[in-house]
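I'd like to ask some things about the structure below.
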Amino acid sequence: MRRSWLVLLAILMLLGAFSLSLAQTTDEPPDTDAPDQEVGAPVEPGDEEGQEPALPAEDVEEAGEGEEEPAMEAPGDEEISAGDELAGEEVAAEETELEEPGLGTPGGGLVLPRPNQVEVFDVPNDGGAGLGVLWYWDGATSAQTRIYIEVKSSPELLDEYRLTDDEWNRLSRELDALEADLRDILPVRNAARAETVELDIALRKAIADESPEAARLRREYWQKQIVENERMQTRRDKLWDRLQRRTGRSSAGDDRLPLLEKYQAFRYLEAAFAQGEWISTNIANVNPEMIETKADYPDLFGLDPEEADKLYAAVNSLRAVNPAAIGEELFVNAEARYDYQAPNTVSIPLTPGVHYDLRMVVMEGELIQTHDLGGAATRTNYLDRSKLNNLIFAAVFAALILSAIAIARRNPKMFIRRISGLEAVDEAIGRATEMGKPVLYLCGLDPLSTLPTIAAVNILGRVARRIADYDSDLLVPCRDPVVLTVAQEVVKEGYIDAGRPDAYREDNIFFVTDDQFSYTAATCGIMMREKPAANFFMGYYYAESLLLAETGASTGAIQIAGTDALHQLPFFITTCDYTLIGEELYAASAYLSREPMLLGSLKGQDIGKAMVMLLIILQTLFFIISANWNWLRMLVEPL
Amino acid sequence: MLFFKRQWPVIVAFVVGIVMWARYYIPTDESQTLQDEFTRWARILVGFAAILGILSLLHHHVSKIRLKKPGFGFSYITLAAFIVMGLAGLLPISWRWLGFAGMQIHGEGPWNWMFNNMFVPMQATMFSVLAFFIASAAFRAFRARSMEATSLLLAACIMMIGRVPIGKWIADSVTFFNTPEAASWLLNIPNAAAQRGILLGVLLSQIAIAVRIIFGIERTYMGGGD
Amino acid sequence: MDFVSFVLNLDRRVIYTIVALCVVVPLVKPLSLPIDTTPEVEGIYDVIEQLPAGSHVLVAGDFDPASKPELFPMLEAVLAHCFEKDIHPHLLTLWPAGPGLMQRAIENQAAIYNKQSGTDYCFLGFRYGSAAVVLGMTGSVTETFTTDFYGTPTATMPIYEDVHRVADFDYIIDLAAGATVEIWIAYGAEPQGVPMGASCTAVSAAGYYPYLQAGQITGLAGGMLGTAEYEVLLSRNYPDIQGDKSRPRPTGEATKGMDAQSAVHVFIVLSIIVANVCFYLSVRREREERRKA
Amino acid sequence: MTPGELIGIWIAAGLTLMMFSFIYRDNVFFKFGEHLYLGVSVGYYINIQYWQVIVPDLYRPVTIDHNYWVIIPAILGIFILLRLVPSLAWLSRMSFALYIGGFAGLAIPNVIHSIFLRQLSETLRPFAGGWGEALLTMVLFILFFALLAYAVSGGGWIAAVGTLVMFGVICLGIWLNWMVAIDINQVIILLGVFTVLIFFFFSLEHKRLVGGISRVGLFFIMVSFGASFGYTVMARISLLIGRFQFLIDDWIKRAMLGQ
């Protein structure tokens, strides 16, 4: 009985794991594993925002007379972000028909490749929204081919980024306050900055000429640079910090952009929409050969997806170029008013809960072709599915611990293996009786609130009972007054259990001092004087372990230690006759005290260990059966 | 009242624990903010817990003096040293008249001077004394009593020779006695394996303790009393 | 009294004297045995060596004066290496007894390399809460450490323009006298995907090999030996401070101590062997005597 | 050298020697040093507390940033201090419950993610090479460890000879490149982790096979403890060297001889 439920649970776990991993191989993948690095990490961290928009613009001009102006705002960025997880169902899996073939083939038989069997679906990102696109190429790509994925603009889309009246008021109020406060600061700083440049040149010249002016110039330079420029800059930064703090999040809560950025995103998008119907995304100017396939994203599509070679790209932000005249309302003359420079391009994350229509632009040299991909709606993600294996493990393990404790409450006779150190205890006490010498027992140096000390006190109860049986003396010097009181109780109880309450002497369990080294010195003194036949060191020890164990060994006592202080264990093992190593101490204490909490969680941990061992065995077996069967490891891969 | 003394803390631990646990799986900004705010509070709380340690130590020494316990004379030294060191860092006074350039905890003030010339040497010396005891224990107590102790001492000796320059020197002179290689293998293979086994066990027990705390089974943190 | 009982009853004071001599003699008259570097330490050195100038390295000095001989020279060497390569170190400590030592190390090195606080480096100081501090820093460094050690607000420092949270650092190195390496791995480096190296006291070095094995730390410098190896690597590649021939790099404190270390280790190993042989002989003799009786 | 430095070195040296006097036995100088150290350290910590916690986390947010939220944790912090007042000690439980409960919740997923799963997946790393070699290596090593386990759990001399023969076969195998593509160390690590887990497994009696496996696990643990023993010796001696470096270089050479 006692072992059967353990085995049962282990089998259940295994089945769960099995079904989970089988699920990975199907097309709807509630899956668990992929290395963390892939999540949202740019494949090529190359260009960032703020790169001159001129470059892609040139591209477009070179591209000549395409049917539609493609990628007007393409910022020339080569980020491919992998989406995180595939949401349960595919929102729109339209298989798009091929359009008319592209322009002619001036390059001599060159035909642009076109996407085929396209699927667009929602990929909830870590803290954001994203759309995934899957397709096959119809035709060959080359190293010169570039693709862009673009989003169709619509009034509704723009509305997602529009400030509400309340937000608008808040932002403009704060910006006004900022402007007012900066009015005193900016002119001084700007003047100082300008002068610093001149002063710097003059100072260098003066130093080179060894002119006597140098000292004065250096003072002036210091005055301008440190006192005026830097101090003013600091004040300016603080005011900006205040603005960011006060206008941090928008009120709605559904939106991840701080107000200022939201406003800016709105302005940029508005301008972009005014220029063309389509707007660029993070998939821009990408060489199709750099695009990865379904097989590269086991976290999304399982380990062995159908159509594993289907190409995959994730769209998670819009790119908009600085409209030359951003200038309405708040941002007129922004640099002078707020010391704010609008960035050249901004990357605007997709908003959850919005329908986006996508198209793909394929470009090679002069040739350009566009294809509608269909669309899908993004959704907010409230569960990070990449952490699912973590969640399952944590929940199952917690349930195991709690139920094991509940079972232990009803049935405290749960099986725990004999701890061989405990037999050595009886032997040592027997020898002490033979020699007519006392036994020394230490409960460690930690207070009673820690587990090792509780374990030590539990074992003390057992030792006391045996000692009462054999009629020897038990000395317990304590470091903590609370431990002292409890130890006295426990020992007294042991003597009463053994039917020898008369033999109990309270003076033998005593408080020494709470100072670490004084305690050690005093205890060593006791060992030298009383020459106990057996020494027990249970509980937690620090650097003094060596002193205690060495002194004990030199008096010829049998020594038994038990601690989970890993650094002190080697010393105990070499100087003591028997040592309870680490968790054995807890097991011994649970074995003796039968306390449900200790017993139950020991059992729960045992099941955890059994699971780990089972995984090791299975993995090895599977590897030997078939060298490619590696899914057990994927199961525990942290994401 | 008893509710607030006994049940309320358990409920608080449960709610906060579950929220902090669950938020890990929720990838929204609000959940991140929740964690940031909690850690901010936690930092302040731990700061006060540290003050608690300081106060109870002082309390201990004051009461030792008041009750004239054995060795109470030394407690005067502790208190005097505390007052001098504490004031040296807190008082906004220039110590130039004593020849110190800095004040409070900045620069070369008396606080810094006391830290470097009293705190550092004493703390460093306390543990260095153990080197002597290890050497004496090597003679008197480190015995190959059992198979386990024998293998432990063997590994230890290989480590001790293999991890100092003289091991390299010996290996260069006597080809067969390559302790640096052996020590490196011991550390990287059997040691790593055993440590990983121990680590997995320890982690499971850490998680078990955390679960017990959240579900109110483990209440040692509450201290004694009703 | 024969040799066996002489060894087994050797007076402590004799042993203490031998130990003291084993330490003092090599310190006064160094042998300068060459120190071999191991892949463990190179794992830290190479990562910092390959970082481009202007990178940001988080240096956590989580130790107190009790571990000063082992970790303080390591801290100085790491800072010197960073400054040598124009990398920005961000120094902090999770141990309340740490700031005094950190202050000494960073001020010394900054003076040698003529670096400015706030632009070239930042000494964040100390906050209570270990894991809470690390978790806080994954959200925002400047909100966790609103001021640096000297009380300057960090938000205004130029060095924090492109570094906001733990994920923005290029490398983390923890110099730990306690269990802080686990905290940095569990809450900082691993979830944020930042490579990390660990330097620790020799006491805990053996326990970090599983992390090294699994690639969770790129390198491990254990105790005085690891520190000495780092110093050797540094002075081999940068024999002069900032390439200035008139300022040769001084020999590191840990390197100087390794001869004494060798001597004491040999003595301890010999005494374990000799004492165990004598113990075995005496046990056998006792047994024989008992059989005779 | 300034007089401040000189006095400092003499005081530091004196205190060092005072602490060293503990080698002889617990005496009045050591006690004096110990209590002085205690006082100085408390004085040190109170300053760190003030300058690194109270000022940046409480004083500045309230007075400069006008962020009054921090007052709540501050009140909870004051509750912690009430642990010293027996009648109000129960208030401190609120703060501890908040802190310890919250951290228990934070620890579970983070520890599982960053350490437990990472270590486990590293252990389950597939072997390099083909399955035939893997099978051979595994069989050889399992046989070897089984024989070793049998030998150490009282299998007598036959088991001991068998172990040695098996060891010979493995050596031969390595020499003849039977297991060329297999990382033998990886096999050893796998077996080590497994046997150590068996050693700390309390639901099975340590008899026969399980007993033997756990003995092998114990050997792995002992080797690991041996390594940490050697390292601990190094640590303690390093500290001693550090102190002697100070005494020789700073005290004798600089302060006394003025070099």
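The letters A, B, C and D name the chains in turn, as written, and every chain counts its residues from 1.
Operating definition for what follows: a contact is a pair of C-beta atoms (placed from the backbone, for glycine too) under 8 Å apart; a residue touches a chain by one contact, two chains touch by 3 or more.
These numbers were taken from a predicted model, which means no experiment stands behind them.
Listed by label, the chains that touch chain A and also chain C are B, D.
Summarising the inter-chain layout, the chain whose CA centre lies farthest from the centre of chain C is A.
Judged by contacting C-beta pairs, the busier of the interfaces B-D and A-B is B-D. We define each chain's centre as the mean of its Cα atoms; on that basis chain B and chain D are separated by 10 Å. We define each chain's centre as the mean of its Cα atoms; on that basis chain A and chain D are separated by 23 Å. Centres computed as Cα averages put chain B at a distance of 16 Å from chain C.
Annotation for chain D: residues touching 2 or more other chains are 22-23, 31, 34, 41, 44-45, 49, 51, 53, 57, 103, 106-116, 118-120, 123, 189-190, 193-194, 197, 200, 221-222, 224-229, 231-234, 237, 239-240, 242-243. In chain B, 21, 24-25, 32, 35, 40, 42-43, 46-47, 49-50, 115-116, 119-121, 123-124, 126-127, 130-134, 136, 140, 142-143, 148-149, 152-153, 156-157, 160, 163-164, 187-188, 191-192, 195-196, 198-201, 204, 207, 209, 211, 221, 223 are the positions where the chain touches two or more neighbouring chains simultaneously. Residue positions of chain A with contacts to 2 or more other chains are 387, 390-391, 394, 398, 517, 566-567, 570-571, 573-574, 582-583, 609, 612, 638.
If touching chains are joined by edges, the resulting network of the protein chains shown connects every chain directly with every other.
Of all residues in chain D, those touching chain A in their complex are 22, 25-26, 30-31, 34, 108-109, 112-114, 116-118, 120-121, 123-127, 130-131, 134-135, 138, 190, 193-194, 197-198, 200-206, 221-222, 225-226, 228-229, 232. The touching residues of chain A, counted against chain D in their complex, run 3, 6, 387, 389-391, 393-394, 398, 415-418, 420, 515, 517-518, 521-522, 566-567, 569-571, 573-574, 581-584, 587, 602-603, 606, 609-610, 612-613, 615-617, 619-620, 623-627, 630, 632-633, 636-639.
Touching chain B in their complex are the following residues of chain A: 125-127, 249, 253, 256, 380-384, 387, 390-391, 394, 397-398, 401-402, 405, 449-451, 454, 482, 514, 517, 543, 546-547, 549-550, 553-554, 566, 570-571, 573-575, 577, 582-583, 586, 597, 601, 604-605, 608-609, 612.
Note for the complex: chain B touches chain A at residues 21, 24-30, 32, 60, 126-127, 130, 133-134, 136-137, 140-143, 145, 148-149, 152-153, 156, 198, 200-202, 204-205, 207-209, 211-212, 215, 217-218, 220-221, 223-224.
Those residues of chain C whose C-beta lies close enough to touch chain A in the complex are 153, 155-156, 190, 193, 203-204, 207.
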